[in-house]
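Next up: some structures, all given as structure tokens.
Each of the two complexes below includes subunit A, the first together with subunit B, the second together with subunit C.
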Partner chain A sequence: MLKLAVLPGAICGGCDVALASLGERLADLLRYYEIVYWPTVVDRKLTDFLKLSSIDVLVHMGGISTEEEAKLAREVSSRARVKVSLGSCSVYGGIPGLNSLYKPIEVYEAIASQVDVRSKNSDLELPRPIEYSAYTDIVEPDVLAPGCPPGSIVLDQLFDLLLKYAETGRLEPRILLLGDPESLCNKCPRNPKTTKITMPGIRRIFEVKLDDNKCFLEQGVLCMGPATRAICDHSCIKANYPCTGCGGPIEWGVDSGLSHMSSVASALMVDREKSVLEAGLARELDKIRDVTGIFYRYTLRKSLTYKLRKLRVGE
Partner chain B sequence: MSWKPKIVAFFCKWCAGAAAETAGVMRLRYDPSVTPVIVPCTGRVTPSMILSAFLNGADGVLIGGCHTPNDCHYVAGNFKAFKRVQLVKKLLEEIGVEPERLRLEWISATEAPKLVRVVNEFTEEIRKLGPLGGKRA
Partner chain C sequence: MSEYRLLSTLDPVTLVEGVARVVIVTNSDGSDVRALYQIMEFRGFEKLSVGRHVEEMPRIVSAICGFCSWSHHLVSGKVVDAVFGRKPPVRAELTRRLVNYIQILDSHLLHFAFIGLPDLALWGESQRDIVKLLPRSPEVASTALKTRTVLKKLEKKLVGKIQHGPLVVPGGVARGLTRDDLDELDKALKEISSHVDVLYKYFDEKIIRSGHFKKLLESEEFTMRALSMGLVRNNLLEHYDGVLRVIDSKGRVLHEVTNPAQYTDIVGEALFDWNYSTLPYYKPAGLKLFSEGSTLVVGPLARFNVIDKVPGERANWEYKRLIEYSGGKPLSNVLLYHWARLVEIIHSIEALTDLSEDSRLLEGDTVDLTNSPSPRGVGVIEAPRGILLHDYSVKDDFTVTRARIISPTTFNNMAMNTNLTRVSGRLVREVKSSSKPSPETVSIIESIIRSYDPCNSCATHCMRIGDVEITTSFSIVVVNEDGEVLWRG
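Let's look at the complex of A and B:
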């Protein structure tokens, strides 16, 4: 039996649910794997788990926000043959990565002001956050499984890969970004295909009566599909909600926030530039509030923008 | 006061780039703190090129392209540049970098004096803003 461990860092629980949604296929995996640790699913103490000197596959979910998480992630990773980084928090820093615009102490104070730590006997103590990072910032994983949480394409591939690893003992290539190497638009049921996508302007989602067959960008609603890796079966789009980019960049190492900005710049009012001119374009672009939060919702921690911020504040 | 601003200027070869050549021929002086990078069209300048310039030591980034609406040799590369620059300026502001460190100007091949004026003005502005890195008060 191979040993499989699932270790959470800073998680919301969504990745747990996504992994558990493998459902019956988990039973297939159990023919080869023994789950030696997975707090949500199996009952095993961390101290007992840490007695194991080696494990075969480690799945790490979530980012790293405290010293304890960092220590544990490094410790357990060093004992694992194959390390899987699961979910966009783990791979790219995810949504909590947006806090890298603030100092850890500011993050701490914001949390402390909202959380009640009083308890009957002795007050609880809030853990001190360190500078938040992705799991991939502290460990070099073998498999990257992005998504918030990972979508069906990624989960299917992960399942196949774990099964194949169990059967052959081989994993190729060494660093593997799951999902299909194309943009989410490529197979999107709403892709206009025949024409280039044109945005008529910038509209908030509540300002338009959404046509559920038409490309979001063509309705003026920001959709991150053009620069997002195909990791899901267009789940948001099928629910009539635009892609917010949870799959991360199409290729590892690309700054997806900047790619999203480029794709919006390419599509916005391309048919009317020469009549609305700079003033008209600027007026539309000004409707985009929170550029960082929209274009970097899941990937700020891995971006050039993050590095520039650091340079600016002298860190 | 030994600090000198570093500026990267992306010039379209058809207009601002040609104007820079002309300025040279006319022996017009412009500030030597500017490193020109000639591009085929401003539509070629991506947000990641702009951020990389800042990350590699530029205190300011200047982009010079063909006049709108009709002078771009690739129809609308200049409009694309305008939209990208607008978005990048908003991003810079959100992360605490003065958006004035990024500037876009339309400068035709015959406007060598304008090029010189823009370059000098921009250099002066960046000098006033101080170094990009390390936010020393």
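Let's look at the complex of A and C:
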């Protein structure tokens, strides 16, 4: 039997549920793998797990928010033959990565400033919180399985990969980014028949009734599909909601937000550029009051914005 | 109270969602023992919500929790409705209600199958999980796994993305359901219902009718006589929208609130500098740590305590059976949570069956686009684990300036600490006599925690909880009942 461990960092549990939702297929995996650690699902203690000198497959979920998480992730990863980074928090930092631009004390004050009773009577020092990071910032995994949580394409690929690894003992000798190597837009069921997408302007979701057939961009609604890796079967779009980009960039290492902005810039009022002029385009773009939350929702921790800020503050 | 020494840690607790540990501290002669349930992550949604387009919040805050993402999504949608001053049309309202029931069904089944059932069925054993249950009771364990497959398929059909998916838009839903969706729902419910019958039969025979369970229910160690808080509608069980009711440990009604923004009259929140977690408490009683009178409990048992009846024939019969079996209301033994979840599973199936025949889900508008904006919105909902509150403020451009989120696990944090503190005395005695706790005591501690079904991911939307120093076995923390640290070493 091969040894499989699932190690959570700072998680929401969505990746746990996604794995548990393999349902009966989990039983297939159990034919080859012994789950030596998965605290949400398997009742085995960390101390026993840490006695193992090696494991075959480690699936890491969640971001890294504390010294302990980082230490544990590094320690366990060093004993694993195959390291899988599962979910956008682990791969790209995910939604909690939106706090990357703040100091931990600012994050703390956002909650502390709202409570009724705040006791400062002790001299007990709180631990120095570490800067939030993705698992991929501290360890180089073999397999990257993005998504929030990973979509059906990624989960199917991961399941097949784990079975194949169990049968052959082999894995591609490079970082394997799961999902299909194309944009989600490519096979979108709403892809306009025309070659060029035209956004009539920028419409926030509260301003429109979403058309359940038409390309969102052509409705003026921001959709991250053009620059998001195809990791799902267009599940949000089929539910009549634009892609928010949870699959991350099409290729590993690309700045997602810049790609999203570029795709909007190339589609916004392209049919009327000459009449609306720069001022008209700017007026529309100003409707986006939250560039970070729209374009970098899952990948801010990996962005150039983050890196530039780090350079600026000299950290 | 004098000095408290760290005695033992259970690190991490397994079979809970998210990462947590229990830290037990005691004074030098062991006469006073305190237990602290700590959640060990740090994500900070209150901060990262600031600056966001408010209409995007339902998609962002759903990532607080992968187990009850739809609860966060839906309650956030109610806040957004309040901010824009919109009233979702009947079709949209019913669609949201339907998805909320699916959330309850999904979360309860997941917990029951993977956590609750193995915990009780394998009582006394060192490993109590589905992996161990699978060879022991293959039919039951594989039935539990099958529910995942059916639910996953259903959710995919109805809402597309299973976790952190899209449904809510300001004033409505993104997509109205179709006849095809409801047919799929009907089919899935029949299948789930037959699986639940298998699980229920097993639970009835092996757990409810076992003398062991009866004995555990009589144990003071599992008892928590605090205040119950939950939604009600015409004194009936309600999960989506109703009056917020609080009752005391004798069943007397203390509060009924129709405007969720008035939660601040009932709920206080405290933050100590020895702990990053906030501890919500019953405001009129003032803050007293480890005191049942200051403790608000939410979740299935609290819901059952604040209502008179469950809608639906079978669910109500089961509800009455549970109450009769346990000696009447208010229900106070936390091991009853598993059974209560099972009753709510049956209720959800009945409610969904009714909805699957409701033609209003197929007709009319899906969204109200009128605007009557307000700078603040508050929403409340019954998530699977209990009352979930979201409270946002916005600027004129509808970007968020402040977000306050109190999750059920945060609410129950105080109750869990109080409950665990009670059992910790036994643990201290064992450690003193034989240098380590007995497996049974450790099991009890784990079972108390698993009964509450704490969702540590939910509770850590705020901050990393716990002092890193008390992970070492020589740390000493001294706290008094007001939560002040008196001494450390």
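One rule holds for everything that comes next: the second predicted complex is superposed on the first by the 293 of 315 C-alpha atoms of A that agree within 3 Å, B and C clash if a C-alpha of one lies under 4 Å from a C-alpha of the other, contacts with A are read in each partner's own complex, and residues count from 1 in each chain.
The working rule: contacts are C-beta pairs under 8 Å (C-beta built on N, C-alpha and C of every residue); 3 or more make two chains touch, one makes a residue touch a chain.
Since this is a predicted model, take the numbers as computed values, not measurements.
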Superposed partners subunit B and subunit C on subunit A - clash or fit: fit
Subunit B versus subunit C as contact partner of A:Arg297, first or second or both or neither: second
In the superposition, subunit B vs subunit C on subunit A residues touched: C
First, second, both or neither for A:Arg31, with subunit B first and subunit C second: neither
Touching partner for A:Asp255 - first (subunit B), second (subunit C), both, neither: first
First, second, both or neither for A:Asp212, with subunit B first and subunit C second: second
Subunit B versus subunit C as contact partner of A:Arg309, first or second or both or neither: first
Which of subunit B and subunit C A:Lys51 touches, first, second, both or neither: neither
Partner chain(s) touched by A:Val264 [first = subunit B, second = subunit C, both, neither]: first
Subunit B versus subunit C as contact partner of A:Leu277, first or second or both or neither: first
Distance of closest approach, subunit C and subunit B, by C-alpha atoms in Å: 10
Shared contact residues on subunit A - subunit B and subunit C: 290, 292
Of subunit C, residues touching subunit A in the complex: 11-19, 40-48, 50-53, 55-56, 59-60, 63-67, 69, 80, 84, 110, 114, 118, 126-132, 134, 142, 145-146, 148-149, 152, 156, 159-167, 169-171, 174-175, 268-274, 276, 278, 283, 287, 366-367, 369, 397-399, 402-404, 455, 457, 460, 462-464, 467-469, 471, 477, 482-486, 488
Subunit A residues within the subunit B interface of the complex: 101, 255, 257-259, 261-262, 264-266, 268, 270, 273-274, 277-278, 281-282, 285, 288, 290-292, 295, 304-305, 307-309, 311-314
Touching residues on subunit A, where the partner in the complex is subunit C: 8-18, 20-24, 26-27, 30, 35, 39-46, 62-63, 65-69, 94-96, 98-99, 102, 104, 106-108, 110-112, 114-127, 129, 132, 148-149, 151, 204-206, 209-210, 212, 232, 235-241, 244, 246, 289-290, 292-294, 297
Interfacial residue positions of subunit B with respect to subunit A in the complex: 46-48, 51-52, 54-55, 68-70, 76, 79-80, 82-84, 86-88, 90-91, 94-97, 132-136
